[in-house]
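Look for chain A in each of the two complexes below; its partner is chain B in the first and chain C in the second.
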Partner chain A sequence: MFRHTSLRFWALGLIAAAAVLRALTAEYFGVEMVAEIAILAILVIALDMVAGFGGMVSLCHGALMGAGAYAYAMLTVKVGLAPSAAFAGAIAITGAASWLIGAVCGRSHGIYFIMATLAFGQMGYSLVFEQPVFGGDDGVSGVPRIDLSLIGLDLNDPRTFAFACLFVLGLVYWFATHVLQAGLGRTLTGIMHNEQRMRALGVNVWRIKADMFGLSGMIAAAAGALAAQHVMFVSPGLLNWTVSGEALVVVILGGLGTIIGPVIGAIAFVMLKHEVSAHTDYWHLVVGLILIAVVMSRANGIFGWLEQRLSRARPSSARDVIAHQVRKDLAAQGALEDA
Partner chain B sequence: MLETRNLSKSFGAIHVTRNVSLKLERGERRVILGPNGAGKTTLFNQLVGEITPDEGQVFLAGEDVTALSVQARARRGLSRSYQKNTLFDGLTVEENLGLAASVTHGHWHNIRYDSLTRRDVQDTVREVAEQVRLMPYLHARVSDVSYGVRRQLEVGVALATRPLVLLMDEPTSGVGPEMAKGFHDLLNDLPRDLTLLIIEHDMDLAFAVADSITVLNYGEVVFDGSPEEARGSSLLKDIYLGAWEDA
Partner chain C sequence: MQADLGFWVLQGLNALQLSMLLFLLSVGLTVIFGLMHFVNLAHGSLYALGAYAAATAGAAIGFWGGLLVAPFAVAALGVVLYLVFIRRMRRAGPMAQVLVTFGLIFVMLDLTRIVWGAQALSAPVPALLDGRLTILGVEYPAYRLFVIALGLAIWGVLALVLGRTQIGAMIRAGVDNDSMAACMGIDVEKMFFLVFCVGCALAGLAGAVAAPLLSVTPDMGLQILIPTLIVIVIGGLGSLKGAIAGSLIYGVVQTFGAVLFPQFASILIYGLLAAVLILRPAGLFPAKG
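Here is the complex of A and B:
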């Protein structure tokens, strides 16, 4: 079950403060990195919602992000829709598509679910790659950014755009944690723990999975629409399964089923990518080694490791103390009865 | 309240249930007895929809539910507990009961508020926790509590859906004699308007709780009557109760 903890609040506050400071003070490259991290963080939050709280390990979230990017690009460049309307349209179209994917794949489990989502993702990739209307290998260029001049903001300014991405990330974080703490999120967690029992309680399991997958797809689409605006260009590579694989690596690196963990994972991943790739082309090897170390440590990613370390260092929470007292009382009662 | 008509199921050449017809009135407490492999659990699975019968019908409160899914039958008031604990192990006792109660109160699909903190859900959780004697364990994780407490929770989760009919598959399975005795009281304290159908091997519990007894043997109903008639039945002694009477 998702719960806000003091550590999560602290982590969130620190990340927000560092991001704002970085976006305010960094040069061009640093500001671009903030936008890149924010977009990746949005995508991995979407993936963590279904993988970490529903056991639905998706290999099509890259394609969903790509679908959002293409939908935004097509609606603005080819259809001529206003960017803000195209942004909403991209989210709605991708959300509907991901609901359908969730409805179909939600009836399978484990490796079959993974392969079914991979198949959907690769179908999307092939469609975009083969259909001339999507620009084939050349993609679609000249993608505009949303016009916020009415409120005095110019998103063509990299710093303003980075702040816009951070703002969307904040909204997405709030929305994801809100949904996970609402009935839908609680029920999905119950399904992850015991699907058979949830069905026996009267829950329409595939519907819950489809609905959460749809919401997750909408968030992935928001990441895609921002990515399209960031580089002002979309190409089929956005939908490739390797993007989904990278997103999964980031979620595991940060901490599956924590929401804040994947955000930390996104920061670590992008910084590693830029720092290590400055010295060697084999930066994926370094990320791979770190991922193996994280998995072998048996902690739940970077955030899980932090949680473990801090829980050892600090006294038990009030709930733990009460639970311990109850156990002691019951044991004492049992001993008295035995006597 | 619950009725089956000629329920039959075969797996290949093996007839697991044959023409099983039962009729439970509202508030009736019926125990199903039978040796291992008699088809008791398969009958339960057909009642709740986890297995589709080859022939026959299931009626719940007068409605033919044979073609309905597990979840649709559950929403109409048919709830079950399992022979092996089927709980949400990583969650607390309170969360286990809360998940079931949130389905009952229709909060399971909303995206606006936390279903577990709703007043009606919390009230149901507390009420059921008292019924199944789980109040001291509400905040404990299921993985931290004893097997006996988990058996109580197994029944509690089924009860939290506020069913019309509760099917219990060997509720005392694996618990000690003291705990089993506690289950007698627990079952006797349940609301009298709740219809109970219980699979049980514990004869003391069967005779302490049952208004009526049905005996299955090789998938067929071979006895249907009151506990007194069951005690006096020579057929039952032959196929099932001999060991109990001797003991």
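Here is the complex of A and C:
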């Protein structure tokens, strides 16, 4: 279950302050980076909700984000809906689709779940790629941003847009932590720890998994709709499975099952990407090596490592037990599958 | 045009050729998973490396030399990967394995770019197989027939080894129940190492065979990975029968889908995969009942 420890409060406050300061003072490029980080952070919070608290390691969250982006683009450009209605529509459509994916894939565990989500993600990718309605390889361009002139804001201004992204990120953080602390989140974590026992207690397991996956998909769609507005353009590359893989990398880099960790992971990932790309073309080599090092070090990412260091004096805290349990359970699930 | 026999023969051969290529890749991956529950996403990268090794060696010592060198070169890399990463990740659970091998994909993608550049290499078809043969009134490139024959031959050899020899019986025992096999005195770890090397060599061979058919690019491994995973999930993880059945299904659906329903070819295959996962979550021919 998710708990707000003092370390998490401090980290959250520090990140919020740094983000606002950066969005206020940075030049154009820095402001764009704030928006990019905020969008990625929204996506990885969605992924951490299901992977870190439900053991549902999804390789289709990139595709869900892409679906949200495409839904927003199609509803505004091709259907002609008002951007704010399209934003809500994109979240609803993608949420429904991801609820279905969760309902179908929820029956499988471990590697089968990973493969099943990968299959659905790729299905979406080829759907968008091959159907002429979606513009094929060229994608859809001319995607408008939401018009907030009623309250005196112009989202076409990069700084305002970055603040809007940060605002949505804050909202998503609040929503995700509340869902995880509510009955749904607690039940899901119970299922992750012992599905058999939860079933014996009368819990409708597939329903819980599908509900959480649906909510997670809605958040991913919000990230997608923001991404579409950010670059004002969508292309099939958004739905490619490597995007989902990168999102998983960010979650692992930050710390699985900590919510705040993935946000830190997103900051580290985007900053590292810009830093490395400035020096070499081989960005993938660097990210691959970092990923391997993080996973093989067995620490739970940057934030997990930090929490472990700071809580070493105290008797083993609940979150360490959870992080440990996630690993154990995932391994046990794999073994059970094959038995 | 779709009514005449020639069309079906031609597309049937195309399907078979794609199936055999996928079979070479998926059989190694599926047996590695079946034996040790290890998920190796980097299998596609090994295939790309095999293609590069064959193209490079082929330029120096001819196609047949390249075809011979590639499996050994990739198996050698497999040994390194095994010693550095895979042995340590054996008990780490599927997520950690997926992540580490996903990292390996990125690393190998850029390493091939650094060594061979981003330009596509081309590998020539050997003179011996350059022509066309006529089968049932259809002219078909001899090289593609060679790919089909090679795939069938490898299938035959593997079926023989797995089904009729002692080492095959030991591998099947390991897939069925590895702790029990270990209790019976089988060195499961050593067997896994052997199977892993053979799987890598087959991936290298697949790359070498594919090099003259497709252009050799750094991301060819990423492109083949998803079809390979689909094959083993449809077929069932861990079984030779599953690998060949999955390959044939994928080859037929993809080839005929692309000709008959061009708009829906890929969606057809992913839809099939989803259906299999829902109805038979363990695949059509799982190694264990």
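Please note the rule applied: the second predicted complex is superposed on the first by the 312 of 339 C-alpha atoms of A that agree within 3 Å, B and C clash if a C-alpha of one lies under 4 Å from a C-alpha of the other, contacts with A are read in each partner's own complex, and residues count from 1 in each chain.
In this text, contacts are C-beta pairs under 8 Å (C-beta built on N, C-alpha and C of every residue); 3 or more make two chains touch, one makes a residue touch a chain.
Since this is a predicted model, take the numbers as computed values, not measurements.
In the superposition on chain A, A:G136 contacts neither chain B nor chain C.
More residues of chain A lie in contact with C than with the other chain of the pair chain B and chain C. Look at A:Q196: by the touch rule set out above, it reaches chain B but stays clear of chain C.
Contacts of A:G13 after superposition: neither chain B nor chain C is touched.
Under the contact criterion defined above, the residues of chain A that touch both chain B in one complex and chain C in the other are 327, 330. The part of chain B that touches chain A in the complex is made up of residues 48, 50, 70-72, 74-75, 79-80, 82, 86-91, 95, 98-100, 102-104, 107-116, 136-137, 139-140, 144, 157, 161.
Touching chain B in their complex are the following residues of chain A: 1, 178-179, 181-187, 189-190, 193-194, 196-205, 207-208, 211, 215, 319, 322-323, 326-327, 329-330.
Interface residues of chain C facing chain A in the complex, by the touch rule stated above, are 33, 37, 39, 85, 88-89, 91-96, 98-100, 102-107, 109-111, 113-114, 222, 226, 229-230, 233, 237, 263-267, 270-271, 273-274, 277-278, 281-282, 288.
Of all residues in chain A, only 51, 57, 104-105, 107-108, 110-112, 114-116, 118-120, 122-123, 126-127, 129-131, 241-242, 245, 248-249, 252, 281-285, 287-292, 295-296, 327, 330-331, 333-335, 338 touch chain C in the complex they form.
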